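Shared chain: subunit A. Partners: subunit B in the first complex, subunit C in the second.
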Partner chain A sequence: MMKKLAAIAFAGVMAVSMIGCSQAPAEPNTDSTENGTDSSSVAGGGEQKEAASSTGVTLEFLYNLNGEAVSDAIQEVCRQFTEETGIGVEAVMPGSNFSDIMKTRMASNQLPDVWTTHGWAVARYAEYLEPLNDFSFASHIAPSIEGQITDENGVLYTLPIDMDLTGIIYNANVLEEAGVNADDIQTWTDFEDACDKVKAIGKTPIQMGGKDSYTLGNMMDYVAPTLITNENEANQNALLDGSFDWDNWNIVVDKINQWNQNNYFNVDAVTADFMTGISALASEQAAFMFTSASGITETYVQNPDTEMGFIPMPAREDGLQRSLMTGEHFAVGMSNTTKYPEEAKMFLEFLAREDICAFLATKCGMPSGLDNVTSDTGRLAPFYDKYANDAAILNIPYFDRKYLPSGMWNDLCITGGTILSGQADAKTTVVNQMRTSYEEKKAQE
Partner chain B sequence: MKNKKAFGIWKYLLALIIIVLHFVPIYMVIAITFKSPYDHSSRWIFPGYVYLKNIQTALERGGMLMALKNTVIISAVAILFIVVIGAMAAYPLARNKSRMNHLVRGFIMGVMMIPPLSILVPLYSFMAKIGGINSYWGIIITLVTFQLPTSIFLFSSFISSIPVALEEAAAIDGCGPFQTFFRIIMPQLKPVTASVIIITGVNCWNNYQFALYLLQSPKIKTVTLAIASFFSADASNVNGAAAAAFLGILPLILVFLFLQKYFIQGMVDSAIK
Partner chain C sequence: MKKQHRAMINLFYVPAIILFVVFVVYPFLQGIRLSFTNWNGYSQTMKYVGLKNYIRLFQDANVKTALINTLIYGIMSTVIQNILGLAYALFLNINFKGRTVVRTIIYMPVMIAPLIMGYIMYFFFQYDGGAINDILIALGMEPADLLVNSGAAIAIIVIVNSIQFVGVAMVIYLAGLQNIPAMYYEAAMLDGATFWDRFKHVTLPLLMPAISSSTILNLIGGLKLFDLIMALTSGGPGFSTHSLSTLVTNQYFSAQSAGYASAIGIVSFLLIMVISNVVTGYFDKKEVDTQ
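Let's turn to the complex of A and B:
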């Protein structure tokens, strides 16, 4: 036995010595959180208050936000709620399968008491969520997100602790090296010029992580509205009423296909994963990535010394407006069949309390979804300040959530992969798949 | 002669390729486990230093100790039931070759063909109704149900090869069916029991899909769930996940290293029979 172990160890050492070893990197300063915001604990958390006696009730709270700072903040807030009210909260983050778990629990009608609605409060969860119009925070919903979390009758379904303001993230150092000024990117033609310059210095213009197929879906979701629906009411209405002519989708396919032909994407665009993309940005090997601002936060975790930023989605052509997508990020709804409605209401009111909401939104590094709460967005603040109230920039909803029937997200992911894989008949395949799926799902509505 | 020699070389080359293929994932796990998250070198490159914070993260944030305890309890109890019920169910099926038993055996084998995820929604609803969510017994019943067909199949094939004369002799000496089973048949089943424990035990230890849905409380999460908790759609801690995976596979590797003689013997005996 010992001989075998020694042989295995020896083989391992030999293998390692042939490959070589990496040197220990310098540890970044951990005094601040990953997005550069203040890491102080929840307001009021330091005060020594007498803990309320246990009520024996424990709420189940399912959330989908990972990242150590955010996760710790959520757990801390739940602990404080329990201390103040005596109501237990079991906060669970089940990993990347959150959406699948929720679908199963919806199908079996066994929903958690409270959960994060991750962009689907109206389109997917509305029939399972308690309307929140009577809550004290209902009059403080930020105008830019209100439309995304209320239905056509004005029913509010979720508490937006913060909100997503999504554009294209970029590494400022890479753009500077390539001689690109991010503010000059107004149209897709400007974007393509920038990509050519980045390619010329030997770096990847657009980083894609197709192994995590949602990154492909993101790309389609970001590009499509700028070419199809922005400032085009006819297409908006056609998509909503089911009369959309899917030959118009060719313009999206052509655009991405052209980028692919021009080698703007990383060579392993279809097989690399999301985190490889983040590493590429962190190590200043790639310029752009189609992901939300939380991608910037992740990049700073890996390399706090780099400089990141985001730009609005460029316009189709000169004279049209650039756009930013607005939607839910950390938004919490409560079940309309919960066994503990009073306790769940208390929990939501607690989360909406100014100090708690500001603490959580700050940890996420996002602007708050309530207009009476100000969050510290750290290194992203200049970008939110610049874009949030710029009338020249369109605030648009996520394309699939607004214009496509529920269930078509997968089609966006799959067809994105089809284009990038360079399949010969990609154009026809993509348009046909989108058309067929759209017609099938519209018929079921 | 020359051909034989050439085949010998190819045989070793093939074995080497298989060893490398199996070793690569383990190498990656070890390399990433002991690598700093701020080390941007290729994942193929082994760290020239030892970084233990990932292990600390896996233990503290991932709750790996609790996950290991839960996994050991769930796997051990499930394996016990799979072996005992499997052997007891296989005995009459192997010995009494009636038409009815043929049908029962076919039905059990049929269960093996059902993709477990295809019945997830009714299974989840049923478990929720009987209070089996977030409980040891809920996941154990589910695992036993889906592993039993494999166990029954292996045991019944093995029992068929044991001479009936043994039981006839036991009957003459006054053994009833239960005594015959426990005193005469069970001791003969050692080799196949080792195979059943390995095959179903690894399945129980590695189970993710049922655990994901049936065990949502952090207090009862298993090793696979602890590893998965390091990933989400927009943020992942690959180093923490690798460290958790390293801790998760360590007990299995140690058990196999120390007991491999018995396991391999069991597999060989099972094959010869």
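Let's turn to the complex of A and C:
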């Protein structure tokens, strides 16, 4: 009898732990990059002002940028804000499970006063965020990111201190050795020709770190828009209104499957981790990787002597435009239920101040999200300069955030792994998984 | 006086009951409630959807895969741990120099957190720079990406889990063996029983309480396997190595289907409860038979 009771108790604990247990979800990587600029003073910090007396108010600011230099810069900026206004800021980076913590805070409706919205200002956090249209910086939002941080009614939800401009990163030395000119890659056919040349010199054309499943999600997220939605309004509308025919997804599966058949990926594409991929790029053993520009910075940390760059996503055929994905990186929103709305507004205005915003965006090594602010993007500057204002390149949102219901990032990650594992019925499995998940989540909206 | 004493003793239960209600009963009841909703895990709004999550669950191929994997993890781990654990216990029940050291070495992996063990084993099995592949290369063979094949990955998870926790079974069996009076063996030997006869007719029947405890512990441990899977494969490729526990987490946080995840959690609770009760009932009967 006692054993039965013990067994039931064990089973009970197990079920509860399963319902409550947590694992960091895989979402597009928005980790910070660190630019090697001097952090000794925040812009304007040379001028010594008398510290304001304390107001007794402390704002809670949660952020997800985990680079040491960036984190130090954020803490420095918060200290300066406190000095100038007397308002305290408790700035906390809670770790890699930031997204889970925010979901828990949303579920319990106990949000911080201010937090970084990491790509989800509209799709996930809109109901908890204060509209920012009346702020002075609202008229300076860079056009390429405006669409990603405002809803269909034009409500602005977050302050974009900087912005992601994402393409495919590559090792220039490997491409040079293979006789590939990155600028010649205009279509996926050109990209495949480049992969063949890289393979011919015995190196890995596309490096993947599928154990960190977000890398698989990245690949699907990068390739899908070029084949499905770019310059195809019918598909864009169909995805948004729920009428998308998922048989069309076969084109994405076929493309990646073909690369897999051609052995463009590293042998351990599904089981290697992200950092193994970075090491392969740093040691000049691989050419391309589907990850944001922060991957370039990571590569330079391992091998500062190599040469890295990024290209826009190739077009599906001649005559169509290449594309770069634009989205939030370091973007800050404020709670619509904060106890200190005036203080939070002052903090956002402070972050948007030209000197402060430039300092933070420079620390991240990203272009600023405000058009009146210029940042130093270090070794990536030539690429941002080349692509940022090139009218021949489409600026597109992250595919999943724009066209898929919230929660389908998970499906991109999982189905990416299914294709690369070489599973016999991968095509049917992937299309069915995407269709079923899409229909279920659309029905819940 | 006696009544007062009993009331006093009952009072000591109160803290434990409060903790049990707060941390087990209440979340469990909330889990049941959530399983009838379409909650995404963070929104302030949710809709009751009746039995929809449960209907979906029985049609979902990924749940079927996770269920089969869960049973494989549970049953295979139990079989391997018990056979190996008993073998170790029989061996270590013999007096020899260094016996304590061997016991400690076999038990040591139990003290490592499963997640850490998973990461250690990942470095063992990984394609690039993994110990197995280094050995294969040294032997002039081709390296293999073992974790990409779902069958091989499941086998690796079972083996790693079994080897890590075989120490628990060994300790239970050792305690059981040391409780068997030597006179039974002496009597059997006088009757001319062979080693196998003594094992079959003396050791096994008298070990039944130990077998029962060990089986139940290992079975529940295998059925709720989580950390090791997350560290080795994260449930992939695709959904092919997920257990019900890892699938619950995946659906709750990554797929943002908290209601559906709760339904899977409730079903797996029922499954584990039924399996452990059936197994406990079976061993209870065996124990009675041998008394």
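Quick note on the criterion: the second predicted complex is superposed on the first by the 404 of 445 C-alpha atoms of A that agree within 3 Å, B and C clash if a C-alpha of one lies under 4 Å from a C-alpha of the other, contacts with A are read in each partner's own complex, and residues count from 1 in each chain.
Here, a residue touches a chain if its C-beta (ideal position, glycine included) is under 8 Å from a C-beta of that chain, and two chains touch if they have at least 3 such contacts.
The model shown is predicted, which means the values in this text are computed figures rather than measured ones.
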item: Contacts of A:Q110 with subunit B and subunit C, given as first, second, both or neither; value: first
item: Partner chain(s) touched by A:G295 [first = subunit B, second = subunit C, both, neither]; value: first
item: Partner chain in contact with A:T429 - subunit B first, subunit C second, else both or neither; value: second
item: First (subunit B), second (subunit C), both or neither touched by A:I414; value: second
item: Shared contact residues on subunit A - subunit B and subunit C; value: 4, 12, 15-16, 19-26, 104, 107, 109
item: Residue numbers on subunit A that touch subunit C, as the complex places them; value: 3-4, 6-8, 10-26, 100, 102-104, 106-107, 109, 124, 127, 210-211, 213, 267-268, 270-272, 276, 406-411, 413-415, 417-418, 420-423, 429, 433, 437, 440-441, 444
item: Subunit A-facing residues of subunit B, complex; value: 27, 35-41, 44-49, 51, 61, 120-122, 124-125, 128, 133, 212-213, 216-218, 225, 228-238, 257-258
item: Complex interface listing, subunit C residues touching subunit A; value: 23-24, 27-28, 31, 34, 38, 40-44, 47, 56, 62, 122, 126-128, 143, 145, 147-148, 150, 212-213, 216, 220, 223-224, 226, 230, 233-234, 236-240, 244-246, 248-250, 252-257, 261-262, 265-266, 268-269, 272-273, 276-277, 280-281, 283-284
item: Subunit A - residues contacting subunit B, complex; value: 1, 4-5, 12, 15-16, 19-28, 60, 62, 64-68, 70, 90, 92-98, 101, 104-105, 107-110, 212, 214, 274-275, 279, 282-283, 291-292, 294-295, 297-298, 301-303
